[in-house]
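Next up, some structures in structure tokens.
Next, two complexes with chain A in common: one pairs it with chain B, the other with chain C.
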Partner chain A sequence: MTDATYASGASAFSFRPTRAQIRGAFGVFVVFALWQISVWIIALPPYFYPGPSEVAGAFVDLIQKGILPSYLLDSASRYMAGVSTGLCLGIAFGLLIGLSRFWSRLLGPIINFFYAIVEVAWIPLLVMWIGYGFDTILIAISYVVFFPVLYNTLTGVQTVQKVLVNAMQTLGASRMQVLTSVILPSALPNIITGFRVGAGFAFRGLIFAEMIAAGSGIGFLIFDGAATRQTDRVVVGMIVMGLLWLALDRLFLRPIERATIERWGLVRAKGESA
Partner chain B sequence: MTSQAANPFAMSRIDPVAMAGVLPFLAVLAAWAFAPTLSDIPTYKLPAPTIVWETFVEMTLDGSLLWEIWASLQRLAVGYLLGNLIAIPLGVAIALNRAVAETMTPVLSFFQSIAGIAWVPLAIIWFGVGEGSVLFVIANTIFFASIYSTVIGVQSIPQVLYRAALCHGASRWDIITSVVIPGALVQILVGLRTSMAYGWRALVAAEMIAGTNGIGYMTLEAVQWYQTEIVILGMILIGVLWLALDFLVFRPIERVTVRRWGLLS
Partner chain C sequence: MTAIREPKISINGVTLVHVNEERRQEHLAVEDLSLDIVEGEFLCVVGPSGCGKSTLISAIAGFMKPRTGGITMNGRAIEKPGADRGVVFQEYALLPWKTVLDNVAIGLKYRGIAKPERERVAREYLAMARLSDAAEKYPHELSGGMRQRVAVARTLANTPEIMMMDEPFAAVDAQTRLTLQEELLRVWDEHPITVLFITHSVEEAVFLADRVAVLTPGPGRLRELVQIDIPREARHWDTISTDTRFLKLRDHVMKLVRNPSR
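This part shows the complex of A and B:
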């Protein structure tokens, strides 16, 4: 897993295309070619099976009318607000449960139970309680991010080496100092991994929430396009969604994860060998 | 787990740790039961626990609830088997040839990232509302999550293992059975698990938008009629079913494979 992750992440930043990138680009080209050829063979009306040219046209049209940029902005703000809320709450509860046996015993089972009620299931109730719009989506997305961050923070806190904590305490550190200079840094690689997993589920959650509970955004674009028989817009939405996630994952989340593991994971590795 | 099996009496003792974990459930139940009387939340927004329980009993007795659960679970099973039975062999086959794997990786990771809910509207256009759309979306989600994981798993096998096997005169088939499959197994299992998690969400979501029966359909349909008790019942069932799936299907698979191959991630 990690080897492959590093390899694909590293190749994203080199400017000379590698052989894998050239082959990958060829693969993408083949898919587009097959798509176009299948459109010619199937020869159904574009609302049923739009070809690359219709989709490109719809893309240009959506940009010129300013629909796509404003939808993107809406989706991005919902996503960022939700993910950061979930991240903060997940870390806070992860630390609380990881550091205290009392809270762990008290809250462990109910957190496991709510984790099993996926965010998709919450959306109908949230729509009844809060209605359509930003708040419902914000809660749903924070909910998705919360659990993976919490569980990974927990793992991180539980695998902190006792020797480091003892050393700090021997040197007279306060609880706060132990938290900020031992526990948080050594749990950080796990927290970031949880963040990346949560961000992935949240992205799909965002699309679904926008289909049911919003009047704008990429999810709404996909949903509304189908309702109004503008299938080319549906496909634009799907492609934008896929590319957006790939960009977010490869250019932001994975580099952060790698950097964190290099910076703080190494510290831990040294400690373990000593 | 094993200690409980060794000492059957351990079960009958009241475990104070488990008791502590029950408290928040009681607190949530109490808050739920008393909230409508303490504040002015109307019952159509938050029906009392007893109403949800009565609905549960009623729907169980007339068989409608079991019918919805069965509809969802058999769909999930069909989609899961269909998706994985194609994805894993195909993933291994693709990853065996480096050129093919490198050509396919960007395409697969793209489809993996749009797989799932985003296909629902297109599925409705192609297959209409109902069984076909929901199955297409589940199988699609599971297929791409699983194949991507399988390809990554095969690619991460160190070259030295292939060379070692070849030095000892391994045939192509030997390499597949004793290097590729065991070497990629951890990632294949990750794929089996992740695809189930994505597949379950996709199932519930697809039933909500494109379904005509099933747990997801039941839950969102009730919103339109303001039957909040059915919405809450649906949510609880979605949680309980997932826990049951995890417990009955995945924990045993993990235990067996960890014991057999000694894989601990």
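This part shows the complex of A and C:
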């Protein structure tokens, strides 16, 4: 998978479709065709099994009424706020636990305990305490991002070459300078990995949280559509969800990962092996 | 040679113990060692593997405290690592994500010296190490020998009072090692500094040093201090390998290393 997708990603803006892109587009076309054919064969009422035309109609309707753009904006802002909060907290606690035996012993077991409690379990309580809306969703998403970032940061910090730290100390580096010039750069590929994993979890977490604790957003669109039997809207929500992740992954997460894992990681691996 | 030579580093009755906390084990690395490192001298410490040679550098660098005895520099007890005691590690310990130039300049950066000035100094030391062409490269693009020259340039650019080298040429091939040894003496001649050089190679020690300290196998104690009175001009591998003074001293040190009991 990786070679073909990286190749297609690299040439995405040159408008010369590669073989992989043509195949990808063909795959999408086949799915839509099968969907339409199944609608013709099964012939159920549209509210029970909507076809591509109903869904397209609902899509246009949602845009014209301004519902979809505003829901997208809500989802996106919740997502970004939640992911960045979780990222910052995850890095901070990862460094704290990774660098201090005291904090590691104090917080390690507690954090491990909470790691096992999925964020979904928190949402009913959060709704009760804080109510529906932004704050509850923000906490739920941060919670989801926090753990993979923390554990990967921890791994990164623990695998820093001791000799590099020692060398910098003999060159006069203060504790803060050791942190910024050795430990953080060494741990960066791990932090990025944690960020990517967390961003994926957070996306699912967002949709789920919006289903329970929001009055807007893509998750709410799906939930509300089902509750009001507007099945075509449910499918719009699902398709938008898929497209959103695809865009996020292709335009944001993969370029970051490529830059760090492939370049930085390579440099680091070679430097270490010598 | 200067007339007055004072001890730069004084090691007095030092015992060094490695503690493995998880296994609750202790390993005696150096026992009751007394040794002075004189200002401006090139002192080599030789001994078989496991005689605590590297541990000695850790203690002088300030990474570990002696169980007994004390280590002083300029008469003051060593508390913690500092830029006044530079170390060249066997593993080079260059930052892989920084260019050669930035690696050499990093000690000056820690001291808050502005970028143009620290880069000027770094280029000067790179030129000294004959590495000017490699300034913009990354460590992984260089050979092991070149990396170690970068590490030496980095240490010297930081102008420490003593440069400690922990088996620095152990990881390079034999041919490169000879070149690096000659290069090191050339650089040392241009930038006089107190050097403590740890090695398990008797030939390397006798070739480089003013004095060779021979340690006994673990725990390391001082076996003998050997004065190497071969003039600096004669220290070239193409001529020294047939020099009788060199051969005699080498055989003497070799005997001390191989028969540590007597």
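We adopt the following convention: the second predicted complex is superposed on the first by the 254 of 274 C-alpha atoms of A that agree within 3 Å, B and C clash if a C-alpha of one lies under 4 Å from a C-alpha of the other, contacts with A are read in each partner's own complex, and residues count from 1 in each chain.
We adopt the following convention: a residue touches a chain if its C-beta (ideal position, glycine included) is under 8 Å from a C-beta of that chain, and two chains touch if they have at least 3 such contacts.
Remember, predicted model here, so these are calculated numbers, not experimental data.
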Would you mind checking whether chain B and chain C clash or fit side by side on chain A after the superposition? fit
Contacts for A:Phe93 in the overlay, against chain B (first) and chain C (second): which applies, first, second, both or neither? neither
Going by the contact rule stated at the top, is it chain B or chain C that touches a larger number of residues on chain A? B
After the superposition on A, what does A:Gln177 contact: first (chain B), second (chain C), both or neither? second
Quick one: classify A:Asn166 as touching chain B (first), chain C (second), both or neither. second
Name the contact category of A:Ile222: first (chain B only), second (chain C only), both, or neither. first
Report, in whole Å, the shortest distance between any C-alpha atom of chain B and any C-alpha atom of chain C after the two complexes are superposed. 11
Footprint of chain A on chain C - complex, ascending: 61, 63, 81-83, 85-87, 89, 91-97, 106-107, 110-111, 138-140, 144, 147, 154-155, 158
How about chain A: which of its residues touch chain B in the complex? 1, 3-4, 8, 19-20, 23-28, 30-31, 47-48, 105-110, 112-114, 116-125, 127-129, 201, 203-204, 207-208, 211-212, 219, 222-223, 225-227, 229, 231, 234-235, 237-239, 241-243, 245-246, 249
Can you list the chain A residues touching chain C in their complex? 161, 163-164, 166-174, 177, 181-182, 185, 264, 267-268, 270-272, 274
Spell out the residues on chain B that touch chain A in their complex, using ranges where they run on. 17-18, 20-25, 28, 45, 99, 102-107, 109-111, 113-114, 116-122, 124-126, 152, 155-156, 186-187, 190, 198, 200-201, 204-205, 208-209, 216, 219-220, 222-223, 226, 228, 231-232, 234-236, 238-240, 242-243, 246, 265
